[in-house]
Amino acid sequence: MDASRDGAGTPIIELEGVVKSFGPVSVLKGVDLKAYPGKVTALVGDNGAGKSTLIKGLAGVQPYDDGVVRFDGEPVNLHTPRDASRLGIEVVYQDLALCDNLDIVQNMFLGREETEFGTFDEGRMERDASDTLRSLSVRTVKSVRQKVSSLSGGQRQTVAIARAVLKKARLVILDEPTAALGVAQTEQVLHLVQRLAEQGVAVIIISHNLADVFEVADYISVLYLGQMVASLDADQTTRDDVVGYITGAKTPQGASA
Amino acid sequence: MSTQKTSPAVDPSVTTIPADLIGSGQEGSLGDQVRAYFQRLRSGDMGALPAVGGFVVLTILFSFLSPFFLTERNFANLLTQAATLVMLGMALVFVLLLGEIDLSAGVTSGMTMALFIVLVNVNGVPWILALLVAFAVGILTGTFIGFFVARVGIPSFVVTLGLFLGYQGITLWIIGAGGLYRVQIPEITAIQNSNMPVWAGWAMLGVILAVSAATSFWDRARRRRAGVANRTIALVWIKLGVIAVVGGAAIAILSRNRGQSVGVVEGVPIVVPIVLVILWIGTFVLDRTKYGRYLYAIGGNAEAARRSGVKVMLIRWTAFICCSTLAVVSGLFSISKVGSVDAAAGREIVLSGVAAAVVGGVSLFGGRGRLLHAAIGALVIAVITNGLGLLNLPAGVNLVVTGSVLILAATVDAISRVRAGGSVLRT
Amino acid sequence: ACSSGGSGGETDGGGGEAATRACVILPDAASSPRWENFDRKYLEEGLDAAGFESDIQNAQGDVNKYATIADQQLSQGCGVMLLVDYNGAGAAVAEKAKAEGIPVIAYDRPIEGVDYYVSFDNVEVGRLEGQSIVDGLATAGKDPASAVVVYMGGDPSDGNAKMFHDGAVEVMEAAGISPAAEPPGVWDGEKSATNFEQALTSLGGKVDAVWVANDTNAAGVITILDKNGLVVPVSGQDASIAGLQNVLLGKQTATVYKPVKLEADAAVELAVALLEGESPTADQELEDGTPYVAVTPQLVGPEQVVDVVDAGDADPAELCQGEVQAKCGEYGIQ
Amino acid sequence: MSTQKTSPAVDPSVTTIPADLIGSGQEGSLGDQVRAYFQRLRSGDMGALPAVGGFVVLTILFSFLSPFFLTERNFANLLTQAATLVMLGMALVFVLLLGEIDLSAGVTSGMTMALFIVLVNVNGVPWILALLVAFAVGILTGTFIGFFVARVGIPSFVVTLGLFLGYQGITLWIIGAGGLYRVQIPEITAIQNSNMPVWAGWAMLGVILAVSAATSFWDRARRRRAGVANRTIALVWIKLGVIAVVGGAAIAILSRNRGQSVGVVEGVPIVVPIVLVILWIGTFVLDRTKYGRYLYAIGGNAEAARRSGVKVMLIRWTAFICCSTLAVVSGLFSISKVGSVDAAAGREIVLSGVAAAVVGGVSLFGGRGRLLHAAIGALVIAVITNGLGLLNLPAGVNLVVTGSVLILAATVDAISRVRAGGSVLRT
Amino acid sequence: MDASRDGAGTPIIELEGVVKSFGPVSVLKGVDLKAYPGKVTALVGDNGAGKSTLIKGLAGVQPYDDGVVRFDGEPVNLHTPRDASRLGIEVVYQDLALCDNLDIVQNMFLGREETEFGTFDEGRMERDASDTLRSLSVRTVKSVRQKVSSLSGGQRQTVAIARAVLKKARLVILDEPTAALGVAQTEQVLHLVQRLAEQGVAVIIISHNLADVFEVADYISVLYLGQMVASLDADQTTRDDVVGYITGAKTPQGASA
């Protein structure tokens, strides 16, 4: 299995023995993970397995307690979201994290506004925002100047995804990006994931929808109660296998590095 | 082409949706825009409109109650009387936008002014230098508060309450044996007590119109370059027209001789252009720069802002510096008006400052409000004092009426928002 | 924190060491600079000189704090208590002290049920203020009965403000003056300025004199008068630097000078006698029979400013600044 | 069987998960519980612990600075001095839990007390009747505020600021300019100035122990009946033991003669059991009744509470009534201590009341805090005044020290929470 | 089509010509909907079609501007959530609406606490809460006294669902209940929906996952841009048909009542 991966070159990001606990609760108990440029790595696992916690560590939102993170082979510190974005890591969070009092454009460009002489170039941002949204098959948003608080669940999710793919990133992490999306939008997002990979971006996608996972993923990593119980090649495994790992019916083999 | 920064993963050609489906609300004729504006109002997005309404109602009320209310002189009075509160309200907007509060803003202005005057009067320091020291201390104050709030994580209510007490002590110590010092710097006294020449008032209006037109057209040019819709140009002309008419009327009134006793008093009070410049710069920063945008973002959802890479701590910190610095300006207006500084300077005003902002439509919970709102709110509160001052009521009645009018003004605001479909929590 | 100096004379209360302490409560730091800057100094110096320890604290305008300070002083023991009342908080403290057998002196403001009262007469202060207005009008050749006089009092929730008001009104009424406008009273320069500006506006810009309760408020009033190019009689009290400057500049008719030292010395003398176990007497009595040591306030016009300087209650260097410098020379102040 | 109300759709038999997988945190031995407690602390859930820490630090500090600090007399002093602020802090908890504020709580206490005393002293109304009137006016005040906040939708800051002004005017009118009334009702004076007989203090401790034991055992019995885990019984004994030892020590100290001159002064001050009873009832309501639960829910997420069928408006409204009513009690303590009422009564204290609650660990943004927290916070603030009162400092220094200590106390709180893994927003 | 429904008896709830707009935006443009006891009605539609708005009106959270709502054939007013719960309507909202500062038990019983002599019967609530949660296959929740703020996305969703089925209701509305759920939990929720229907409860379920929809639904109603474009029998239609209606590729036929 590892042989096939070596073919994918060096991993862009590599976690080793990552540990995280919240007070008494130990959530990640020494997790390893790799993501390769141009490949889609799916991260699956039961509710509460620790998937979101794992990627929040990668995003610098909740730093790990212990463990090594290597980016392009170099150990890096991810203490703040700025550290992560400096490395070219873009994240769509499960809880979306949008500012309800701002509009769509303002949210999409938050932290990376286009300016000219220090003042906003609103026209350019509007155009880029609506281009990106349109490519995600958004149909019911009337204006990119709508407040985010007035959007439907799926619309909010689309804005969060659009935000993450607005700028060229090296690693895009999507935490259940299609949970609230309609049929057409889900399809567009899966296309988008594939297009990103084709352009050499590393993608980590978390999803409970195994059909979607098998559609786009090159590798599938399964987290079970804070431990990585399997790292599989998507085309060498089956849905039932993966479900087995997720529910704990199957136990880890040697392949779990 | 300037799209290259957009991720190439986004390929608009794969979609079948027409390019103009997602607009920006700027499309459409004048009629569409006006309709959209009223719909925004109806949906509860009223801004400072209720406060403006309250102001108008109070104006009408007082002009019935006192023949002196609607005089040129009283109009000038109102502007100078409101200046201190307007500045303080604007100062507080910076921290209110974050959902924080600065209870020490008043005593900061008092303490720095005490320092300023004592340096000049007792130590003989040149006033410009002393003023710089006062501003430096104001900036330090903001830095101090910001440190404890943004860095250490103490609720701003507690930090600034502590400072509210501490600065009273320091003012007491600075003012010392003299007890009460006269402001003897003609330049400072002039701020609130002298007027610009009449021509300068008109020139000011010209500058305002020019700046307003220039920014409007620059914005339009940039939008055109980016290829997005612009509002119909008629709106620009309407805006300039309104400024010309309202501003022109105000300046015409202020250009008439309002002296009641000896001598001619005419022209726009000097404090007015100062306030306008600060208001303009502040609004520019809040609306058009990253700093301002981040203030709103943090006030709306600090965690989301942090995840977007906003330096939350730094922005919070500097917001308190902005607040304290503008509080010093408000202190300057105050001593110019009063002509003296004593140990109690600035102790009472801070709650009124917060009230001004809130009445104007700034949210105490952060993320909503503009400098202009605070300024209008301050005018509402100032007009209460101004009007009641003409009625010669006993102290007790005066307090009761002030309190009631404040609640009433806020009621107008609340009801107009609810009518417009606001709060759903009233169950 | 506690030393035992002094003669340790027996009073009718307090134990041993405690009997040598004089406990003083000052009312606030805001209404007038005198408490912290002068009273504290003179009382401390006087008691020290007599060899007694002093415990002087300021209630900072808070009745609850007043009570707290009293508790704290009493728990350390006091040989005598010198109380400046604040909004009535003094009475309960006096009662408590007397229950512990400690003699109580009411200082500057009357308190029910005390043993002695040392004070300037606040009503007299008001009378002097009123007199300065009446005199000012006479000098200006205005008929008091038709003169437009604005009354600018102090915070009505403060008992002293009422005494100043009553005294002033007594004199002015007798002279035939009636208020043309009487805005709400405050102890606040800015509010005072606004209130006066509005009163002036409502009088059509015409005013002949302004009775003002203290120098802080007067300064605000004078700024508005200046702005309108008016010079009319204005009263005040406290002999603050700004007040004296305004007097020298002719913008304020006079300020009532309450030589704190006189009052403090009288109080110290009384306190020392009590600490030494004597039963001093006073020449006057209040209506309820409390012995009353009265100290007379003084009206300070431009000519008398020099007296204040001589008494050490104003620093000529601070006083003679800028435009005032010339006036200082004129009135012989160095 | 009492499950019949549970939806029959839930069929535990279809699941393969062992029945005891989801616990309630009450399982385990004494050691487990203690470990869990420390883990809760480490995870930032510190409650009033930092405030208690601050209190201890201040106590140690002051006992070095003044030999009088650690005396029986000063201990009794502290309790009576703190009583007013403790009550006011507790009153404010009800509205702070909702994320609201009541700036008028202080003047409400002042105004009602002015009314009370004037009714008694001037109008000769029997004091019990007058007291009832005062409470009625307090309740009306809360109703008034609640109407505008909960029904009309005005921010509580503005409503209560308006009332803060208005009530000063009304107090002035009731008392008259410069007026002052002595409290001459022995029962009222006794609250803060008399003590219970020594035996009554011990009896009080007995009652506290009995009530505490009774509720603990009742709770255990109910849990057993429901078939869920109970904490180990050792914890009950430990709790009772702690109450017995700490309470016993306090009462022992207060039972010694602390009179310094004539007469014996001993026993627990009467105000103490009053505060304890109100604290107990209030805590009971907040922790164990729907009303309290809904206060927390609204403070946490008003919309979620509304969707759950909570009568949000009604609860908000009544919270202001609770606040105003308890504010009247705090006014009662104040006039008992001060012995008189004047027109400025209650004007200064409200910010300290809010600070007390915040220092104790109550959140200004709603949803977090307990009555006990506010009480402990008030003790911290009271001990600052108490200790400084022994040190004979000039007013200026005193203010500066008070402000600094307040910030310091809050810093202790903030840092201990961060250490414990709290705020993640400091970036 | 209507014939088969008449077999199901009278609808428990019936919407007729329901209209709702937010300021300028008209979201529901005259919508009809019926739900029958013992039947599962799926409500599907594109993002922003107005599904959540429709059910928020039924829940009394955002009352409709116009239209008739009949419950058991009687016209009713649904102005507050209390009106709805008085009729036995329980709702799981898409945005969950939990109080982060309260724990799981407190959230589940909010507004319907078990009391004894006016004070909480905590033991009973704990037991019922943990019973209900266990039946939903929740594996990683350690204690029912955990604060909701510390739960993972899926755990929060489970709590919201458990809350809705805790008490016997007559109509249960689930707005994307399985969006954040893992494989096993999703299965349990679908079982639960079927069990509810078997017990005669009317269920309205909103979902973008058509596989799930076809697994449980008896009827499928499709909302398109604020209009009900199709009301279908689940066993007489196909996935492609439904997708066609959702995306607007197929246009309404006569059957759209």
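Things worth noting here:
Going in written order, the chains are labelled A, B, C, D and E, and every chain counts its residues from 1.
The rule we apply is simple: a contact is a pair of C-beta atoms (placed from the backbone, for glycine too) under 8 Å apart; a residue touches a chain by one contact, two chains touch by 3 or more.
No experiment lies behind these values; they were computed from the predicted model shown.
When every chain is reduced to the mean of its CA atoms, the largest separation from subunit B belongs to E. The pair with more inter-chain C-beta contacts, choosing from B-E and D-E, is D-E. For subunit D, the chain whose average C-alpha position is most distant is A. If you average the CA atoms of subunit A and of subunit E, the two centres end up 29 Å from each other. Between the CA-based centres of subunit D and subunit E the separation comes to 42 Å, rounded to the whole angstrom. Per-chain CA centroids place subunit A at a distance of 47 Å from subunit D. Mean C-alpha positions place subunit B and subunit C at a centre distance of 39 Å.
Touching of two or more other chains is recorded for residues 22, 61, 80-82, 138-139, 141-142 of subunit A. Those residues of subunit C in touch with two or more other chains are numbered 29, 36, 156, 185. Subunit D has residues 168, 172, 177, 303, 306, 311, 395-396, 398-399, 424, 427 in contact with two or more other chains.
All chain pairs that count as touching, in label order, are A-B, A-D, A-E, B-C, B-D, B-E, C-D, D-E. Looking at the complex, you find that subunit E touches subunit B at residues 22-24, 61-62, 80-82.
The residues of subunit C lying in touch with subunit B in their complex are 29-30, 32-34, 36-38, 156, 181-185, 187-195, 197-202, 204-206, 215-216, 219-220, 222-223, 226-230, 238, 240-243, 245-246, 314-315, 317-318, 321-324. Those residues of subunit E lying in contact with subunit D across their complex are 59, 61, 80-82, 85, 91, 93, 97-102, 105-107, 110-113, 115-116, 118-124, 126-128, 130-135, 137-139, 141-146, 165-169, 188, 191-192, 195-196, 199, 201.
For subunit D in complex with subunit B, the residues that touch the partner chain are 99, 103, 148, 150-155, 157-159, 161-170, 172-173, 177, 302-303, 306, 311-313, 351, 354-355, 358-359, 364-365, 395-404, 406-407, 410-411, 413-415, 417-418, 422-427.
Contact residues of subunit B toward subunit C in the complex are 66, 68, 71, 73-74, 77, 81, 84, 121-122, 168, 172, 175-182, 184, 189, 193, 259-263, 265, 334, 337-340, 342-345, 347-349, 385-386, 388-396, 398-399.
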